[in-house]
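Each chain gets a letter, A, B, C, D and E, in the order it is written, and its residues are counted from 1.
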Amino acid sequence: MAVVDLSRWEGAPGKKTRLYRLFYQYGPGEGLGMFLPVDHGLEHGPIDFLPNPPSADPEYIFRLAVEGRYSAVVFQYGIASRFYAPFAGRVPLVLKINGKTNIPPADEPISPLTATVEDAVRLGADAVGYTLYVGSPLQDQDFKQFLEVRREAERFGMPVIVWAYPRGRYVEEKGGRDSLYAIEYAARVAAELGADLIKVNVPEFVPEKMTRLPKPYDSTVLDVKEAIARVVWAAAGVPVLVSGGSKIGDEDLLARARASLEGGAVGLIFGRNIFQRPYDEAIRLSHRIAGMMQAFRRAPVKP
Amino acid sequence: MAVVDLSRWEGAPGKKTRLYRLFYQYGPGEGLGMFLPVDHGLEHGPIDFLPNPPSADPEYIFRLAVEGRYSAVVFQYGIASRFYAPFAGRVPLVLKINGKTNIPPADEPISPLTATVEDAVRLGADAVGYTLYVGSPLQDQDFKQFLEVRREAERFGMPVIVWAYPRGRYVEEKGGRDSLYAIEYAARVAAELGADLIKVNVPEFVPEKMTRLPKPYDSTVLDVKEAIARVVWAAAGVPVLVSGGSKIGDEDLLARARASLEGGAVGLIFGRNIFQRPYDEAIRLSHRIAGMMQAFRRAPVKP
Amino acid sequence: MAVVDLSRWEGAPGKKTRLYRLFYQYGPGEGLGMFLPVDHGLEHGPIDFLPNPPSADPEYIFRLAVEGRYSAVVFQYGIASRFYAPFAGRVPLVLKINGKTNIPPADEPISPLTATVEDAVRLGADAVGYTLYVGSPLQDQDFKQFLEVRREAERFGMPVIVWAYPRGRYVEEKGGRDSLYAIEYAARVAAELGADLIKVNVPEFVPEKMTRLPKPYDSTVLDVKEAIARVVWAAAGVPVLVSGGSKIGDEDLLARARASLEGGAVGLIFGRNIFQRPYDEAIRLSHRIAGMMQAFRRAPVKP
Amino acid sequence: MAVVDLSRWEGAPGKKTRLYRLFYQYGPGEGLGMFLPVDHGLEHGPIDFLPNPPSADPEYIFRLAVEGRYSAVVFQYGIASRFYAPFAGRVPLVLKINGKTNIPPADEPISPLTATVEDAVRLGADAVGYTLYVGSPLQDQDFKQFLEVRREAERFGMPVIVWAYPRGRYVEEKGGRDSLYAIEYAARVAAELGADLIKVNVPEFVPEKMTRLPKPYDSTVLDVKEAIARVVWAAAGVPVLVSGGSKIGDEDLLARARASLEGGAVGLIFGRNIFQRPYDEAIRLSHRIAGMMQAFRRAPVKP
Amino acid sequence: MAVVDLSRWEGAPGKKTRLYRLFYQYGPGEGLGMFLPVDHGLEHGPIDFLPNPPSADPEYIFRLAVEGRYSAVVFQYGIASRFYAPFAGRVPLVLKINGKTNIPPADEPISPLTATVEDAVRLGADAVGYTLYVGSPLQDQDFKQFLEVRREAERFGMPVIVWAYPRGRYVEEKGGRDSLYAIEYAARVAAELGADLIKVNVPEFVPEKMTRLPKPYDSTVLDVKEAIARVVWAAAGVPVLVSGGSKIGDEDLLARARASLEGGAVGLIFGRNIFQRPYDEAIRLSHRIAGMMQAFRRAPVKP
């Protein structure tokens, strides 16, 4: 069990101020975070909104985030700049500052910038999100791009959440994007490069793919809690957020969330599992998750 | 039915000033727009002017735009800088700031900059136009280029109209550039990236191509009004303009225009359908379209 | 028949001042131009000087340009910076600011910068020359490079002559670099992008290549005058200069020059046809061309 | 036998100050260095920490470096910026400023920047580390990137340690990355480009690969001391540090270390051979190496 | 016979000052130059030093250059910055500012920058050397890079010596890098782009390669003096230096040197032919060459 601990903070005051808002003032609080990311219109297309058509409307998402008591909503710039104003102050914003469509294949992925850290500052965002495609053949461009983001974020005291995603043809050759090997590696790379928070998917253990993994990963099979614990270990002290992925049932989602926190994650970042449910169901589920998270809160401290 | 509504504007005053000119002071007005784009000399070559040779002359186009009472004429920089002065103030200018020839194949398209937002300011333009090739293998370069344009446009208070065009070999593999899937996706990407207005083509539903579409697009067939309504839904509140495409008959064009507005478009942007007709026919048709649009005007308000 | 008309000039005074020198103070004058381009050492190698070895010496060319009463001589920077000083004021200079060798194949041509507009200003040049390879697979790089040149030229009031050259593998697939289709398209692109003057080759009508042309170009066969008139039409009012190409006989060259002017070109730009002739022949031919051009001069006006 | 001799220093005072700390104030001293590099989380992934899981924790490494009396610890920016503060002043820091994952193949390697020299200055680092992939098909990008680093390092008086690594498909074709030919060449390139210190691997002499080497390398077989002496010769006076590579036994490691110093190296830079051992073993081995190095110290001088 | 004639200099005073030192104050003087280039450690690797191992030591080279009375020694930045200080003022320095290894094949060569002109100024160099790979598929990058160098050199009054090297797969297809065609073309390109001095290899006439040459080169066979005269002709007045290439006998080298000067070269630039000989032999040979050059000196003039 872990939280974002700001009591012994040695970093920039700006980062602390913003992390305090995300992990203490809004959402479940006491060092835990619950995020609502909706950049699917860019990453997957409007197809992800079809199961629940009103979700294509950013106002709908903002209302959901406020009523669902999220730590923050995550949007791309075009959406945030047009729709955030009426909700400013009622729910924090994480500005996702890169992205791509999924129309070209993911052999050599890179996620180009769609906004800057300065844009995030101007919009009043409390963090930026950056997708790093670890293991991509274009990693050299990605690292350079991230270097600029990391430095600009330090200049403004803006926390950087890295979407640590192992991707590309060589990741597939070496056991796939969801292996423990790949996700541990991606989390570590994000830590080595300077992430403030790391977003990961839950590792999967698919026997037919595991034969392509290096030892001892090829014979390691863990449950969700153990797997997240390993990713947290690899992340070298940088707090870890766990994604939800495609939509699953309520109980499965709650079990996955609980195991992630038991494994040491400091928060959850669930998109489709929330917005693809009807509004009232989404709110109820959000409150159930938040309730479950109470057990993982640290005792309140003055940060 | 929709209009460009400036009464609850929260954005930059410069953008509002210019959108007011385009959608309230010139053309059909009351929130509706009718644009005359003539960048075909670059995109297709002079071949598009051969059906009506005088149309190759920019003065001819400017006269047509003034007499046809268009909201604005759209030109590339070389044409605008050389020919706009005598018409300045009589018809607004939208400066198209990127473009390419159609000589190389469109497998990996990108539309390089041909002018800057600053050029547009200097010429007195009221918006810039930018072609975004959504789904292109070069999307990373395109997104970066658009980011610079979007930021420069914000600095100057200049509206950005995105030509949201799904293109490239992977778009073709996934059902083609004119599918509802592709056009909805492209419109959404433009919105996510920060377009102020989005120009789209009317979706087509070609059975033999639809088998390549993801569910449920592979079994969705809509008429023009319904299809535009879906694109407007995907665009997340960013106003949509509908293109005319290659030349069709008067009644077909009017029907298409009407259905587009019924579907929620705020305007029309017709090029070849206007300038490939003889001058007098073009004027008559322009006035008929403008007349038809009256029914979609919002009640006048003080913006 | 056409001339460079400065009487209704709305552009920058610097451009007008320099165009006045090129088209009124030197050469045939009264709006007509006769240019001597010698960048062949870069574009083709010294092989082009072998028919008349003294022509490799830039002093020889400058003397020829002065005595032949040319509107300007065209050189690359290395030559101009080293040899122009003794001739400064006696014949204008056009600085060619990009170029390449012909050693690699021309499948994906681009002509990189070899000098800047600022270099041209410092050398006292009255225009810069830029080769635009229209239709090249690298058109996106070329357009961006030209954009910088065009903007720098505006800043300094320096006219830009675009060598509008259709080139690259797709131009060949679509009927070849010398087709009317390709040359019209190239001229139009130069105009759309902001050329002040456009240099073109004379279209050719080769039956076996014309089958690859789009309609109606595949069945259009014109003489030189008619073909140039079409290119002038496509160029949308931007003045056109006609190239000489490889060396031909005196009478053929004169006929070609006359037909070009009848077609609406404002000048001629002949290199190999001049410098590959012995000095005295070259002078005599230059004077014959200038004499023929008298018939095309506009009545003198105060610009 | 060689040391870093600062007594006749003609370079920047900043570089001297920092080299003094690395080679005289900390570690074995008197011109010798013993470095603990831990960038394996980025270069190889957390897999390198599995033999000794606590080593994934940067605090563990810092404690080891302090107690093991190292000249410096080498970390990437993300780790150093987060964990160095409590150890600042107790052990110097070398900031590794580029890196990559080993997921894509090493056919065309380049190591993109992950931090800047300015970052190193701000963190209080006493040198930066840069991996140069000598012989890579991307050497042109690598050289340009290094040029910027070298110049920025001169501006701040920051020493640059070059990881001189022959890599890429052509290195393999020409006898492999561990040949004397390749390592000598890499060391020389680092010297020609401006390295202050050069980190090399110990050459290997594998008969089946040596047939691909140019004469006389194809018939040259040397022991460790002789091989290092050759690399020191090739390095043209720039001090050489020798790597440890993958984990070997204590006595083998000590022998290798001694032979390296006898060959003229000024220090050792051992990672996996230290941190993959249990903590107490690692400390004991570190002290044994330091003890062995006493014999190679120069007589103390006032630098 | 030719010399660097500064008596009618129209260029920048800084360039004249530095050329005066190279061609009048040091070396053979009176307009002639004798250069000692040692960048082989980068271009070929330490293998070039094996015939005479002490030559790997830059101090050895500097002593040789001083005692051999060279006009200048040519080094890369890493070597010059570390070793030049004790010899500063005793022999001029030419800083080679780009370079590459010969490990990847030379199909698409480009020589990236390893230093800047500003570095050369700071080191007290009297010229910079730049390798231009004429005809390379990467010529567009090379030309752009050279443009920056040329402009920076003008800003600082620093002469630029261009290593005019025809290279790349298309040069090989068209008769090879040592043909008169290729070398003439390369020399001309250097002149067109703004070289102050041009370094060339002596053309070779290999019958089996000459069939691939364009007319009339395919049937032109010249001796060294005639061939250099042709290259000097192609260079359009820019002074030419002739390289030595791989090591040959004393008398052959002297004959080649003499023929080069008779052909119009202003100097010699011999590396391996000097430093691969034992020190005393190298000094004797250097003095013999210098003695031979006396016959080609111009009468002393006050520049």
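The criterion applied here is as follows: a contact is a pair of C-beta atoms (placed from the backbone, for glycine too) under 8 Å apart; a residue touches a chain by one contact, two chains touch by 3 or more.
Quick caveat, the model's predicted, so the values are computed rather than measured.
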Q.
Give me the step distance from chain A to chain E, shortest route via touching chains only.
A. 2
Q: Write the angle of the rotation needed to overlay chain C on chain E, where the fit uses Cα atoms and the result is rounded to the nearest 5°.
A: 70
(Q) Report the inter-centroid distance (CA atoms only) between chain C and chain D in whole Å. (A) 58
Q) Counting in whole Å, what is the centre-to-centre distance of chain A and chain D, each centre being its mean C-alpha position? A) 36
Q.
Multi-chain contacts only, two chains or more: what residues does chain C have there?
A. none
Q: Record each chain of the ring in the order reached, setting off from chain A and passing chain B first.
A: A, B, C, E, D
**Q.** Residue ranges of chain E in contact with chain C within the complex
**A.** 10-11, 134-137, 139-141, 143-144, 147, 150-151, 166, 168, 170-171, 174, 181, 184-185, 188-195, 214, 216-217, 233-234, 236-238
Q: Under the touch definition given earlier, write down the residues of chain E that touch chain D in their complex.
A: 39, 41-42, 45-47, 49-50, 53, 56-58, 76-79, 81-83, 85, 99-101, 103-105, 110-116, 119
